[in-house]
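Next up: some structures, all given as structure tokens.
Next, two complexes with subunit A in common: one pairs it with subunit B, the other with subunit C.
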Partner chain A sequence: MEFNVERGTFLEAVQKTLGIVERKSTMPILNNVLIKTGDGQITVVATDREVGLVAHYNATVVEEGGITIAARKLFEMIREIQGDSINLKKLENNWVTITCGKIKYRLPGISVDEFPEVSDGDDIGFSKIKSGLLREMITKTYFAISTDEMRASLNGVYLKIDRGWIEMVATDGHRLSVVKMKLEDDVVPDFGSEGIIIPRKGVGEIRKLLEDDDEYVQVGIQQGVCILKKNNTILRVSLIDSDYPDYEKVIPTERGIDVTLNKDEMLHSLKRMGVISSERFSGVKIQLTDHKMVLSSINPDVGEAQDELTVDYSGKDLEMGYNVKYLIEAIDVIGERDISFEMRESHGPGIIRSFGNDSYKCIIMPLRL
Partner chain B sequence: MDDLLFELHSWPRAIIHVDGDAFFTSCEEAIHPELRGKPIIAGGERGIVACASYAAKNRGIKRGIPLHEAKKRCPELIVLPSDYETYSLFSRRLLNIMRRFTPQVEEYSIDEAFADITGLRRKYRDSYVGIAQSIKAGIKQELGIGITLGLSLTKVLAKVASKHEKPDGFTVIPGRAIPLFLRNLPVEKVWGIGHATAHYLSKLGVRTALEFARLPEAMVTRHFTKPGREIWTELRGESIYPVVLEEKSSYASISKTKTFAPPTTNREYLFAQLLRNVESACIKARRYYLAPQKIAIFLKNNDFTIRGVEAKILRPTAYPLELTDLVKQLFESVYRPQVTYRSTGIVLMDLREDRYIQYSLFESPVKIEKIEKIYEAGDFLGEKYGKHTLHLGASHPIDQLGTGRRGEPTVRAQTRFCGETKRKHLGLPILHVKV
Partner chain C sequence: MSSRIVVMNDEMASKIAAGEVVERPASIVKELVENALDANADDIRVELFGGGKAAIKVMDNGDGMDREDAVLAFQRYATSKIKTFEDIYAIYSFGFRGEALPSIASISKIEMLTRRRTSQSGTRIIVEAGQIKNVIDAGCPVGTSVTVTDIFSLTPVRQKFLKKDTTEQAHCVDVVFRSALAHPNVSITVSANGKEMFSVLKTLDHEERIALIYGSAMMKQFINVETRNDAVKLWGMISKPSLTRSNTKGILYFVNGRYVRDSLIHNAIMTSYRRLIEMKRFPSVILFLHVPPSMIDINVHPAKTEIRFKNPGEIREMIINAFSAVLADDSMPSGQAINRHDDDVPSVSENYQAGVRESLRRYTLFSGNKQLYYKRTDADPEEAHRIDEMFAVKEKDETGFKASLFSSLVYMTTIDGTYLVFQDSNGLVIIDQHAAHERVFYEKLKKSSYLKKSPRQELMLPEIIDLTPTQFLLMMSNVNIFRDMGFDLHQYGDNTVILKSVPSDMPLTGGTSLIHDMIFEIESTGKSSSIEEIREKILVMAACKSAVKAHHRLSTGEIKKLLKELDSVPNVSTCPHGRPVFIRIETEDLEKLFRRK
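And then the complex of A and B:
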């Protein structure tokens, strides 16, 4: 096997696999990327058996064949090579040379036969969703995904499509982030009435695929695997097979005390409070009184902080505690200038949304200080 | 060559480690002089040897062996119930004698303490060795119990010293003598080095404490985590573990184990014992505002084999009411009918601070608040009328069937007033406020 490929293309191709290849060595072959030649192109494949990536790139094929190579080392080699065109050649016993001008690397590979099968020729019904839409939904939910391995169903985002609306949800049990958007010219995919749960790592890889806002990405589901197609790339993500909790019942229906805030002002104020937090304590006290919002944080290990914002609110005075990190993360993803922060008395959840827009909500349970 | 590394002639720091000799039986001998020199053991109520006097040890009685076995080896053996109240009083008095010399005394366990006497030579117009001798003599004279004292430059070395010769030992390890004492000391005997580290060290070709201390710094940095590097530094005579005055204000884990007698096959009683341990450990956790993220339970059966299991807790909590379901599940997974059990134990692990409550979306805040209120009241009642005044129904069989005691109760237990708790009887303040 031998081919010539443009350095920039090859670098990008290998870089895209780095998030997927395993770091652990339980199955050394999974540290590798598979590279095989095709008709005027090479195919680069990576998998950790949960998430799989298959991508095609233009190349000049000299001799057909395939090999797997340690992904991280290969990436570093290409990165350090100065030059335009790279030649990759498989020798006997699966050794590989990578040459560019006078630069020459020689390293051992592993035979293609040992690499797990990652299919790329799925013949299933694909639907189209705009990249920008999907990416925005991921950004607005990703931070709330649970890291607690005990609750497998919460270790991913929940995605549901219902009568022209697409909804994405993530929760760690303390806060819940939900985005609901109208599908327009997008062709509605069929996810079944149950919806699907995409694991955290898969969500991260999907996000990387969604670069251009106006491009469309094709989405399909087959036997517990979510398949995304874009141009030369196919991403396969094994879904979490579990029931998602009944999140709709924790979204309050009655209105609380609604405060309108400038997003940047509030975010900066919260970040000032965040300086005081530590691993052991990250609380912020929020008091509404006399058309002011007083934020304060006291951490016996670090010190104290206080700040004040002039605000507009309807309802009576209030005093609540929250985890400052939860508030920051919920507000940070809002693109609009103003936000609405709805609070409730007696341990009721708080809700963050962009002002006058209900498509994104983050429900945050208070922290009793 | 050895000595080049440890050329420390002066005393950059002088640290004492005091270790009671067969502490429990020593205390018994101190209050019952007629028992002095006889083979006695404490631990009668548990059916095993908790502590054996040196006279008993000489007849082959070891800590942890069952009573019947001990009696076989030494028919004239005198078996006493453990009288922890008396032992704690002796422990307190021992610390107070040490505090007379230096305020910097650390209570390490009931019969072990560290003291830092650095800089006191001028005050007492005496050498460090002289001061250490005075402390040892003071304890012996006032308490009438035997202790062993070690004096060296660091806590780890002071421990090496006090282990060197026992009982009634007095060992000084000055800087230049460090290699002498470490040369023949197996590395696993060093304080803080456990099985795993010892095995790892043997793979690196290190068998003695001296070999460990003489590893080059680069190698120690590369192969060991912080505790390993710290022990290495201390072994080389450079003190980094301070003698800590404060009572512990935080714990990494809290464990409670209780042996009952006679051993039982009664499932309900066994589970009650386990839950009572959960309750006790939770009381302690709440006192320090801690809540576990993991819990382990174990059951020990009559031939001393242990079966245990651990689990992660979804939301850290120190309220037994919230843990019972999980504990029940764990119990069911290790309990075997028809097996005779002698003790149960639990460990609360991965403790984290629990002053604040993060409410959860899928649980009712009101329920959490209610449980919290119950235990607030329970802790209040506990302080006033004794621990476990308010307890779970499932741990109630203990109050019906008794905690189980074998043999005679201690004199203190017999002379307690009706309704009086151990703590009240002794007048020990709960938070050990120093006088």
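And then the complex of A and C:
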């Protein structure tokens, strides 16, 4: 096998696999990327058995074939090479040379036969979704994914499509983030009535795939795998096979005590509280009185903080506690200028949303300080 | 002069009677050895034939009996040891019921030879199936010898239930072995079919006796505990957490010289080792308690292997405090060798022959001088010096000089991204970085206010936890402890509870598995845990979660910091799960491995 490829293309191709290849896999083959030649192109494949990536890039093929190479080392080699075009050639016994002008690397590869099968020519129905829309939904839910491995169903985002609406949800049991958006009516992907759960790592890779353009991404589901196609790349993510908890019942239907806040002002104030918080003392006390919101934090190990915001509020006094990190993360992802912060008495959940817009809601359970 | 044997009146006999039954040869050995000890003997010889099933002979050099007493001794409820029932709360003797000799005599044939020091001649008495057949004057040494034959010959059914010779013999030897541990100033020998099985000379005290029996290699793995209050005295040798066994056979404890089984003492011992040794592993403990007879009741079990304390809480606390203090102090310098499990250490019964012989040789030469015991007789001044040095270091350690021992180690390399290898003047020290961090975090967290009065994080979806009926009862009786920590639990249905909030500083978001774990622990330890214990359990999980994982490279700065921290916390020899934090390979070990020695 031998091919010539543009350095920039090759660097990007290998870089995209780094998030997927295992760092310390018990199966050494999974540390490798598979590179094989095709018609005027090369195909780069990486997998950790949960997430798989197949991408095609233009290249000049000299001799057909395929090989697998340690991804991280390959990436570092290409990165340090200066020059435009790289030649990769497989020698006997699966050794590989990577040449660019006078620079030459020689390294051992592993035969393609040992690499797990990652299919790319899936013959299933795909539907189109705007990249930007999916990306925004991920940003607004990703932070709330649970890291508790004991609760598999919460280790990912839940995705559901219902009568032209797409909804994404993540929760760790302390807060729940939900985004609901309208799809363009001609394209309605079918995720089944149950919806799907995409694991955290897969969600991260999807986010990278969507990057920052606003093209369409093709989405399809096949046998517990979510397949996304965009330009030259196919991403396969094994879904979490589990029931997602009935989250809708925790979203309050009746309205609580609502205050409108300038997003940046509130965020900065919370960050000022966050400075003195620690894993142990992560709480912020929020006191609402006439036209005033007082934020305060006490951490016996560090000290105390207090801040005050002017708000348009004239109801009765209210005092609540929340984890400051949960508030910051929920507010940070909002793009609009103003936010609404809805609180409830007697330890009911608080809700953060952007002002006058119900598409994103982050429900946060209070902390009893 | 000992007092005379008196037969109890019926009323007293009925209060004291326990219906002692001879179950197996070892019961006979036990009774006869105890009688010898009660008679102030300081030389006892036990001979077994056919595993103790064919014949048992116990000889002592004690007080002996005159002719009249020798006859009375075979009557039921005839004893020289108590006069009134209340005396049992004031005696230190093993016997007091006057049941043993008649019970043994009823199932066998006994020949007893006995002579008091003051008598010119002795008495020979033959008893068959409980009936005295013959009493004559006979010449014999001072003391008593009892030969039991035809054991269970009249009750073939019992005989059938006996195990094979080697098993019965092992039980007999165990009895003698335990007596030897408890009575350091008595020389004791046991032989089987004419072959010496176990033999110890008179020693000064328990420590010397234990060293004699266990040998110096094992002694290195033990720590001394000693404490007392107004009434109770506690002394023992207990294994370092690095030496564990897969069973409880290494745990022996004695109350007033009496070997007993007692769940209170057992639990106190295991509690002291909790978090220091792995689950399902056990320490080796030789513990002696001296309790005023008025504070215990020994008349609760026919074989007197059970006792009742009048102040169980005090005893438990005393053991836990004493053990925890010395275990926490067990740090590096006491020469901890490669961690061993009992699989590597020959069991006492396997190695005692060689060990004892060697010890005896040493002991004989330096008899009487306790300090000298540790020196070798095979005239290797260097070796003797080294051993002295080792103990010198240990003493230093005990007086608080242990600081900066880890920090003085010289870092060499890391193996498999996990095991940090160091050098010191004595050899190699290998530290498991995860276990070490875990221990450090755990001790820090334990000291901090972590999970004490923590803010409560309300749960979005309250967790419903199904329990077994037993677990449910345990949970409901401990519910306030959980609530105090921030776990808001309520009854939800039959055997179901609902968890509405968790402590905000809980390391994991899912409470269910944690609650399950804790309830399981409470259930398996069989007692309702204290808030401290439950907190500890969570701390272990937290420490494990926040400690550096294996396969994570540490910078030299981080390694230095870790060593410093290890110097500053107690219990460094194991992680909170009980796995070793470090192992030591001394030059001596290397020499052994390379067979230079």
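As a working rule, the second predicted complex is superposed on the first by the 363 of 369 C-alpha atoms of A that agree within 3 Å, B and C clash if a C-alpha of one lies under 4 Å from a C-alpha of the other, contacts with A are read in each partner's own complex, and residues count from 1 in each chain.
Simple rule for what comes next: a residue touches a chain if its C-beta (ideal position, glycine included) is under 8 Å from a C-beta of that chain, and two chains touch if they have at least 3 such contacts.
What you see is a predicted model, and the numbers here were worked out from it, not measured in a lab.
**Q** Do subunit B and subunit C fit side by side on subunit A in the superposed arrangement, or is it a clash?
**A** clash
**Q** Taking the superposition on A as described, I'd like to know which of subunit B and subunit C A:Thr147 touches: first, second, both or neither.
**A** second
**Q** Scan A:Arg175 for contacts with subunit B and subunit C and give back first, second, both or neither.
**A** Touch status of A:Arg175: both partners.
**Q** Which partner does A:Pro349 reach: the first (subunit B), the second (subunit C), both, or neither?
**A** Both partners.
**Q** State whether subunit B or subunit C is in contact with more residues of subunit A in the superposed arrangement.
**A** C
**Q** Select, from 152-160, 260-268, 350-358 or 368-376, the region of subunit C that bumps into subunit B once both structures are placed on the shared chain.
**A** With chain A aligned, subunit C clashes with subunit B through residues 260-268.
**Q** Based on the A-chain superposition described above, do subunit B and subunit C contact any of the same residues on subunit A, and if so which?
**A** Of subunit A, residues 148, 150-151, 171, 173-176, 245, 250, 280-281, 283, 321, 323, 347, 349, 363, 365-369 contact subunit B in one complex and subunit C in the other.
**Q** What part of subunit C is in contact with subunit A in the complex they form?
**A** Within the complex, subunit C touches subunit A at residues 448-450, 454-461, 463, 501, 504-505, 508-510, 512-513, 551.
**Q** Could you pull out which subunit A residues touch subunit C in their complex?
**A** Where subunit A meets subunit C, its residues are 24, 146-148, 150-151, 171-176, 245, 247, 250, 279-283, 300, 321, 323, 347, 349, 363, 365-369.
**Q** Quick check on the complex: what are the subunit A residues that touch subunit B?
**A** Residues in contact with subunit B: 148, 150-151, 171, 173-176, 245, 250, 280-281, 283, 321, 323, 346-347, 349, 363, 365-369.
**Q** State the interface residues of subunit B toward subunit A in the complex, per the touch definition above.
**A** 312, 314, 352-353, 355-362, 365-366, 369
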